[in-house]
Amino acid sequence: MNLTTLNFKVRLVSYTKDGEKIIAIAAKMSRSRRGWDDHVDMSEDEVRTWVSDAILHGYWSVIEHSSYTFSIEGISRVASHQLVRHRIASYTQMSHRFAKPKDEFYRPVIPPSFKDDEGFQTSYREYIKALESGVPEEDARYLLPNGVNTNLVVTMNARELYNFFGLRLCSRAQWEIRAIAWKMLEEVKRVHPTLFRYAGPNCIIHENFIREEPITLEDEKEFVSQRCIEGVPRQGIWKCIRNSQSILNKR
Amino acid sequence: MNLTTLNFKVRLVSYTKDGEKIIAIAAKMSRSRRGWDDHVDMSEDEVRTWVSDAILHGYWSVIEHSSYTFSIEGISRVASHQLVRHRIASYTQMSHRFAKPKDEFYRPVIPPSFKDDEGFQTSYREYIKALESGVPEEDARYLLPNGVNTNLVVTMNARELYNFFGLRLCSRAQWEIRAIAWKMLEEVKRVHPTLFRYAGPNCIIHENFIREEPITLEDEKEFVSQRCIEGVPRQGIWKCIRNSQSILNKR
Amino acid sequence: MNLTTLNFKVRLVSYTKDGEKIIAIAAKMSRSRRGWDDHVDMSEDEVRTWVSDAILHGYWSVIEHSSYTFSIEGISRVASHQLVRHRIASYTQMSHRFAKPKDEFYRPVIPPSFKDDEGFQTSYREYIKALESGVPEEDARYLLPNGVNTNLVVTMNARELYNFFGLRLCSRAQWEIRAIAWKMLEEVKRVHPTLFRYAGPNCIIHENFIREEPITLEDEKEFVSQRCIEGVPRQGIWKCIRNSQSILNKR
Amino acid sequence: MNLTTLNFKVRLVSYTKDGEKIIAIAAKMSRSRRGWDDHVDMSEDEVRTWVSDAILHGYWSVIEHSSYTFSIEGISRVASHQLVRHRIASYTQMSHRFAKPKDEFYRPVIPPSFKDDEGFQTSYREYIKALESGVPEEDARYLLPNGVNTNLVVTMNARELYNFFGLRLCSRAQWEIRAIAWKMLEEVKRVHPTLFRYAGPNCIIHENFIREEPITLEDEKEFVSQRCIEGVPRQGIWKCIRNSQSILNKR
């Protein structure tokens, strides 16, 4: 068994292709007496303006019109249990009642702090022993370790993603879900750079609520915030962000 | 002013193009140990099977992965107030605080039971009089009739649409929102006929929970249900459905 | 007709009596291996600490366990349409399909910027005329002015209330829903002063995300925020808040 | 270690005391022009009528006004992971990041199909070994078995409970969450027998959508449904329900 951890895959498998434009038109229609057809030929520049304005003024509801579906594979049930706590989202999860994680399908997530996979092998042997002694599959899995791998299909809209990123990109988030979140951010930024320009951990989100010039993950502008919501003082925030982000290097 | 009523427009302006396939793959992944790539070359036949099975066995969560955005224009605030009561959806509405429904933009929805538009003209004159006397726009609208026209951008996923249709295609639903619902159904059936094959008012939905062979709006199979949830007895249900659907002919 | 406006009533008719304690115990249980019985004899001091900590560290999910039901009577459909846009809440609204706002039950909300109620009387006469000409009740209401009075029963949990207050106590909120929001805040503060100690418009909420010592509506501590999310600069925020709050004096 | 399984506790720790009355008044207000005060002296008989009518006619939104908080202790993470998938609810869960399930706090749920607890003891030894070798708590728990015990505080309103019961009282639900669901039903029926009179697995819920005389779990009236949504034919449904319910005898 390979101890390289974080072998999970995060793939954006479907999304609202013209999501940024849809959001811009919707935002404009809320201020206009005209209908969709009158706005549909919007320039890319105008799209950028409406989208950025929506985010920087907290007009969050309008960004719900763009939606993202991910296939997230090979994460632990420790992480999936945290993930599904985000309630404004849709989930379909591989069921260990019906899909036995046996043989080459047993690929538990082993935290980097472990020196070897011995414990996870022992758990596996106990699982197999139970199956062989006649314990049904849906019961035998009570023995599987929490690190056992699972797959999910997850759909979130852009507003929920902002909320999810705010909480889960933060260095206080548990490292596995944090790695997943940073990877999801990469995926959506690739397709909708304007829409996710201001996404980040809550320190960034909150900072943009209260400062004159907006801030992004890319520029290390000094914070106005005295502290982040988790208590990190102004001077330590950027270091904390970079530290959180470095989880991706462990892959 | 033209008394032809129901001049509203319902346009599907964006949706998950491969929504039926996404749903099918997600459903399959919940039973499989393999990932997205292993399922992505699914045949259309297999898509149909997974999607239909999901709906007929009440596996609703999986159909949430497909999402639909409508531009709904020229409906009354009577209807929009009912529409936004569906909470698992996203809305952006034209604001009468910022967009004055004046001149050619005043196109109230006049119910077919009215003989003329006189009352609506009187209301309009009072609205204009208030504006001219210095009442600000956001206050003057308190005088606008409930029938005044508004526009919305609405996003719902397929599960919420099934729920919305169940309630709003029913003959007990108020006629304007009912007309909107039948039009929305037309739109989504055009693009995803497999997914919305079993959509209908609650009598149809509930019937499919409890009968052996599924039923659709198209075939007039006899009901097993003794009555619909609204109290219409078995023999009257099809007539009630056709009556409800006929609202579209009034356009 | 009396031109005194804002005659609406906001009444807290039910709520989680021991809500603050429930929240405190739940928060403590998330960090503890022991069960409910081991925490149930919590001192008031300890309750205060757990509740305040939850709010000041953005541990919002825990405050969802306390719930509040209001009877809101005599507001306009302008306001009710905005109110029901808050989706994480439960609503039951008086139906103008079934309950005719006639005679003494016609009490439209007349904005203070109107000099008289003439327009609203004209609308009423048109409504009655339509009813008398045989237009059914559910259609005649298309003529009723948007200011027409309605009643709702509304249930929100403490987390949604914080969100609702953040948006609707703000001076940018439309004046009627703003007045309703300030009145709702009064009601919940009366019964749960600890839990709603830090509630306020978003400027206050956001400020507490980023400053060392928390701030409340009662103390006029200087803001660290350079601006509020609506763009009011630091020096103007307190004046803006007091201005917003003064809506209650118009009752 | 005692092999008696299902040692979990389900306790209703808070709820809307006058929930049935609140629901009845709200339902009545939707049809009335009068306010709360005019309805507050409702007789118990009238309460019963409004509440039953709401449920039997699918007027579900009104029953959201009554809310229930449970302390659920000693369930497995297999069950808690399923439980939190119900998104219209509030959860606070014991964190294994902060609360080590060691010594007397390690009380895994061992399915009745196991002959002994050996596998769970082995897992525990591996967990302790990891902790002793310096693996931090939040990582060591990747080794804990999925059956490891956890505690949650859960709040659901009556509508969500009806939905939860529909799915989780069913014999197809996994046995542990099924046992929890039957216990929760006992708890809420004790305090609000009128409101939960028609609660049951989906076969019962759906049957009441389509039959003339309502049916409850207590009376074994013949089903009109040809089959339940899970495919059990008419003749087998009552046996299936009793079989599902018998899970409580295993405690």
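In order of appearance the chains are A, B, C and D, and numbering begins at 1 in each one.
Everything that follows uses one rule, which is that a contact is a pair of C-beta atoms (placed from the backbone, for glycine too) under 8 Å apart; a residue touches a chain by one contact, two chains touch by 3 or more.
What you see is a predicted model, and the numbers here were worked out from it, not measured in a lab.
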item: Homomeric contact subunit B-subunit C: same or different residue positions, threshold half; value: same
item: Result of counting contacting C-beta pairs for B-D and A-D, higher pair; value: A-D
item: Subunit B-subunit D separation of Cα centroids, rounded to whole Å; value: 32
item: Chain centre separation (subunit A, subunit D; CA means) in Å; value: 29
item: For subunit A, residues contacting two or more additional chains; value: 91
item: Subunit B contact footprint on subunit C (complex, rising order); value: 76-78, 80-81, 84-85, 87-88, 91, 96-97, 108-111, 113-115, 118-120, 122-123, 126-127, 129-130, 133-136, 138-139, 141-148, 174
item: Subunit C residues within the subunit A interface of the complex; value: 57-58, 202, 206-207, 209-212, 224-231
item: Residues of subunit C touching subunit D in the complex; value: 9, 11, 13-14, 16-19, 22, 25-27, 29-33, 35-36, 61-62, 64-65, 67, 69, 71, 73-74, 90-95, 98-101, 105, 151, 153, 155, 157
